[in-house]
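What follows is a set of structures for review.
One chain, chain A, appears in both complexes that follow, with chain B as partner in the first and chain C in the second.
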Partner chain A sequence: MALSSAFEYAPAPESRSVVDIAPSYGLFIDGEFTEAADGKVFKTVSPSTEEVLSEVARAGTADVDRAVQAARKAFTKWSALPGSERAKYLFRIARIIQERSRELAVLETLDNGKPIKETRDTDLPLVAAHFFYYAGWADKLDHAGFGANPRPLGVAGQVIPWNFPLLMLAWKIAPALATGNTVVLKPAETTPLSALFFADICRQAGLPKGVVNILPGYGDAGAALVEHPDVNKVAFTGSTAVGKAIARSVAGTEKKVTLELGGKGANIVFDDAPVDQAVEGIVTGIFFNQGQVCCAGSRLLVQESVQEEVVDALKRRLATLRLGDPLDKNTDIGAINSAEQLARIQKLADTGEAEGAERWSPACELPTSGYWFAPTVFTGVTQAHTVARDEIFGPVLSVLSFRTPDEAVAKANNTQYGLSAGIWTEKGSRILAVANKLRAGVVWANTFNKLDPTSPFGGYKESGYGREGGRHGLEAYLAPSSPEGKR
Partner chain B sequence: MSTVEQQNRLSVFKTYKLYVGGKFPRSESGRVYEVTDSKGNWLANAPQSSRKDARDAVVAARKAFGGWSGATAYNRGQVLYRVAEMLEGRRDQFVREVADADGISKQKAGAVVDAAVDRWVWYAGWTDKIGQIVGGANPVAGPFFNLSTPEPTGVVAVVAPQDSSFLGLVSVVAPVIATGNTAVVIASAKSPLPALSLGEVLATSDLPGGVVNVLSGKTAEIAAPLAAHQDVNAIDLTGADAELARDLEIAAADNLKRVLRPQAVDFTATPGTERLTAFLETKTVWHPTGALGVSGSSY
Partner chain C sequence: MPTTAPSPGTPGEGPASRPGDAPSAGGLADVTASDSALRRFLHGLPGVDAVGLEARAAALGTRSIKTTAKAYAIDLAISMIDLTTLEGADTPGKVRALAAKAVHPDPTDRTTPMTAAVCVYPDMAATAKAALNGADVKVASVATAFPAGRAALPVKLADVRDAVAAGADEIDMVIDRGAFLSGRYLSVYEEIQAVRAECVRPGGTAARLKVIFETGELSTYDNIRRASWIGMMAGADFIKTSTGKVAVNATPANTLLMLEAVRDFRAQTGIQVGVKPAGGIRSTKDAIKFLVLVNETAGADWLDSHWFRFGASSLLNDLLMQRQKLSTGRYSGPDYVTVD
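Right after this comes the complex of A and B.
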């Protein structure tokens, strides 16, 4: 018997029975589930099997208007509540999320396609932590550094992506509620379910009606929400192209805007880096969540003298990654979120090949149904290559090399984006010097893709503006009491 | 010199010029426009900047960014304070120019200039404190050292207020550069002279050339290419009217410039930190801590 088969993993599937998905869901407006005004619905499928999970009401302009009105009505009372009372609601929500985290993790894996290991160990703990963190701010806003008695803005219109459906919801809703705003949130059309389950959590927590409204739908509903004249604050996470369109559409209004957009993060490995540790960081950097992460380390910059060693070690490591059923607890790489996204990744990878970069993937059997893409590494990449410039949003890594720290910095900064970067070196002064020069909102040194509710997250340049997380994350939802003028 | 000679002496006019890259060029376009006082009396011909002047100013500001943003906060503070020193020494000149520009009495203009000097001093003191106010260590739930620090956004285009030709101008320029950004400033269209004279003060204040660049002319004509410029990182729309501000904000979206929208401002009041933070990014740096930690020690 070959050694490899002697140590085969036995299947270890997480039970689906912990989650009960209804055949259909409505919009969540003013504390009630309701049909869309025009009766439209859409189906949400499991990306790993293409199984239809549920039919969901599709919000249109009339629904957006109704939800904004509900949020406006709820705002008067919600914003007048003592912060300590708002805090208790948020603490309740955090606790209920913890109680239901197994259910939500399975649900998220079914609807999104990401491995249960990630929803269970990363998404859900962070979701609960975000509500817990911002709950504590609700009655301490005078101490947040935005002046005495900072006021909420009003109704927040929030549009979130499909890569971390529940985590992005938490990033948006927790600070909004803590600061006294009310919310209309549109989850992505491919991943509406966990947001609808969150609506049920709001009900269990006894949250007043209209404070949180959830509108599953497509881009048209998102645009209607962003452009609604009675929305005071716009928060968006998603593509840079849509972010620019939003920035244009709010011009000349008083809406406050934060945008978390694309990235093309550089992960810089110096010749003195601990190779095995760096390889783990590279893997986390680009293959976590199938690379569908805006802060992914999608450009590997390796010092020339260790390039061969690092790339060899990386390839060896990638051969051990397990791709397949996302509900299996041994799965490292799950499904791509949608057929559309898979096509986009395939097209960009093909472009990389056509432009002359060398493409490599480990031997890897892809399931016959569902949307799958094998982990892919491009070597021989130059800065002019499409795979080194465009955000791919999939498990595709481009490897470039450099000789000096200055060259590494210049290459790392040679992008329209500025969200994240990584540095791998044992030399402390080099970490500080390079981190200082990188134009990126998050820099991970000797680690990658770490997130925490206490830490501000957000981009430079075309990766968007504003920060989410930490004390900084409150600013987006507060009108500072500026001594300069009216406000 | 006899009194008669003094009375008959013809005064020397000043040719007002732009301030770009530490130098005083005329407009590339060769155009000037008449600047008058509030009663319509001719004061000077001011340069009417072109699109090319705006682009030259951006190049100068970009070139200066590395050095200025890399200077220590202590050093930047001293340079800003030096501006106050230089301005104090030229007080009489600015009182005269501000009185003419804003159509106010010499006495009121004196108060304006004093306030402008004090504003430089106020911002000089902020350079090495803003990082402590808005940055900090984050107590993450894990074995990591994690620090958030503010950093300048880059090149900031500033549409200076139209009706406060000097105090307003200083109030919008000083916070931009205090935090390490560099600036391309469009002076008040109808009263640009105090702004152009400020260039002379900045040039003698240890401020590296290109950190502040002053353009005069038609606001919309200069602002449009700056708002659309791909190498400008942020825009302050204080001096733009509602319609222009909207157009500029739309143009600014092309490279996701940070936008500070126009708002009613009382420039005589002590400012908040909003103008400092408007042009700052926050960088969060993570590093593993390992298992050793002082607070976890039993010693």
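Right after this comes the complex of A and C.
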């Protein structure tokens, strides 16, 4: 019996051959792929290897205008379709996404750097679920609680981030189309590919031309889209700084706006928590998608009496996290999305250390190429530390303690953000009591980072306004009919 | 782990000298002083969130084990099997066949590891011992009125005594689920201790004791954690999920929970206790999932037949077929492994 070797998992890479990435992609306007008016292009790279995946047309102001005009033209017919007809297209898109989910999961992992485990098991199922869910609403808008015969707004200008490229697209496009709006969407400059594949899916589904337009590009294209006078609705997910700029630029116009911005979620662990599951929830809360999640539980508030025990258990658990090739099915932690984001994380982590918080990472070998950051825990953090206040958007957890439920609530709410929070306790009454006092759009109890199309998502304070998902998500795309039938 | 727990025990009582002396095991004597003290302790253990536990077990089940890791896992799993026959229809011939298979699981490939043990009823322990003829395969015997455990304590103890006298190296006992569910934890604890005392042989050595909780009858995960601690404090060498005789036997979730319990118990007392899921693990794929649970929960220290076992009978043949496939590149089929 030669059983002396350790149980090291052999590499289990998902095949790249299921996805065919073209050397170049155009903008998707009025049902056609087209070059940018000024001929500009940019490269998109794989964050785990820095390999150039493709060259993508870069939208400029003229392209934004073209796309908005195409959407405006398509709006007349699209909004006049019966809801049941629009639902058919959405159901078709949802089914195609399911059929192509493996391809899309691999693509997303290549372009974003997140583990295949997450794109395969979380992103893609949720993407399809959002289209299915809103397809179901399309012919029931009269019963959504926004008045009889609610009307679409018109052209929706949508700008999405790079952390969940395809999922954010689904959050934006599915309710917009279900309610009869047409769409111009700008994906993030580091992750344009899955949106372009989605454009192909729209064609495969026979979606009428101009209903969905995709404009890969940078912030200038996003700004042009938001400011375009013929856009009726602006939906943005991204940083608080950009969200503020958008709010300023649309102030005084008739545009409807929803903003999903940053967060600094508190994950509160009481002394009677199910410890092992709480540790899993802490890990999911901050290391899911390398912490690049706006609703991440980046502040761990743990009751002082169990602090040592919980932190020890957490460190033990982190030692089993597997960091590396995102295409490996056993990888838990993938690459940071871009060099720029990596630098930001490094800077904030260094600030935490400089301000005297205790920094810890498990023994962890980082690959030599690509953008990598080891899972990091800061202990001895107080409310006054930068790492307890600023959104890091990376795999960095700050551990704070509290003594009473009131103190936990006070500390959890003591932030400029208010997107998410978590409560860990075996006591049901405490869950309800604490949840009611937390100023956060989502409060999870004995779980974290669970998303579902039926559940509204959005924030308080600098985390933005408006809700996406669920019945509430329809509201942002609907105008109630006046009694005279005018909008 | 529990906040109410007393401090760790004296280092002198390490794993090697796992005592028949157990009220003081790991310095937990105080909590077993009375039924109410034991209840307070058990109910002070961290709760188990069922959704989270099952999600974690399912997530670990998606680990992709390939090539060298798979070959290693298959051999490891074979070496961890308690090859079991627990039927009313058992005959000496059947037990001898089982023993032969335990020693040479795959007659066509002598590099195949032996199983850890053969597991039989007490009246077959001597037959099994003789059939093994000194091979390094243990004889495990279920005792204590297995599987229901519904007999008077003297009867159960006599059952154990018989099995040990017949040469059993390991005793698999069932706890009194009735006493447990009615909250008489101390009675469960004392019964385990009494059985443990019967495991001691005249020379002073002792058969290793596996304590079976019948998790399917305990109904909640909190109960499984509490039972695990009772078992470990009372001196179990192994904690075991189930008899294989009820509807729900070993599952990834209840095994994960018990692995957490042995991990925490060792952290607190220095005493290492083994884990044995039993019943319902039939395929190589399932077995590997359990090994992943061991590896990522209790850790590599438990990846050894001394600390982890599979209570299984049909699992072995699937492991052998997968093993043949790895070595030949072809999947042969059930006629290329022995039926028993």
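Keep this in mind: the second predicted complex is superposed on the first by the 476 of 487 C-alpha atoms of A that agree within 3 Å, B and C clash if a C-alpha of one lies under 4 Å from a C-alpha of the other, contacts with A are read in each partner's own complex, and residues count from 1 in each chain.
Heads up, the rule we're going with is that a contact is a pair of C-beta atoms (placed from the backbone, for glycine too) under 8 Å apart; a residue touches a chain by one contact, two chains touch by 3 or more.
What you see is a predicted model; the values in this text were computed from it and never measured.
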Check the residue A:12 against both partner chains and state whether it touches chain B (first), chain C (second), both, or neither. second
Could you say whether A:446 touches chain B, chain C, both of them, or neither, answering first, second, both or neither? both
Can you tell me whether chain B or chain C touches more residues on chain A? B
Does chain B (first) or chain C (second) touch A:343, or do both, or does neither? neither
According to the stated criteria, A:121 is in contact with first (chain B), second (chain C), both, or neither; which is it? second
Using the superposition on chain A described above, determine whether A:366 touches chain B (first), chain C (second), both, or neither. neither
Could you tell me if A:275 is touching chain B, chain C, both of them or neither one (first, second, both, neither)? second
Going by the contact rule set out at the top, does A:470 touch chain B (first), chain C (second), both, or neither? first
The intersection of the chain A residues contacting chain B with those contacting chain C is 446-447
Using the touch rule from the top, collect the residues of chain C that touch chain A in their complex. 1, 3, 46-49, 51-53, 55-56, 62-70, 72-73, 75-76, 79, 113-114, 260, 291, 295-296, 300, 303
Chain A residues within the chain B interface of the complex: 129, 145, 147, 240, 243-245, 247-248, 251-252, 254, 259, 261, 416, 431, 435, 438, 440-447, 450, 452, 454-458, 460-462, 464-465, 467, 470-472, 480, 482-487
Give the list of chain A residues in touch with chain C in this complex. 1-3, 5-12, 117, 121, 271-277, 280-281, 305-306, 309, 320, 329-330, 426, 446-447
Within their complex, chain B touches chain A through residues 133-134, 136, 138-142, 144, 146, 148, 153, 233, 242, 245-247, 249-250, 252-256, 258-259, 261, 263-266, 269-272, 274-275, 281-288
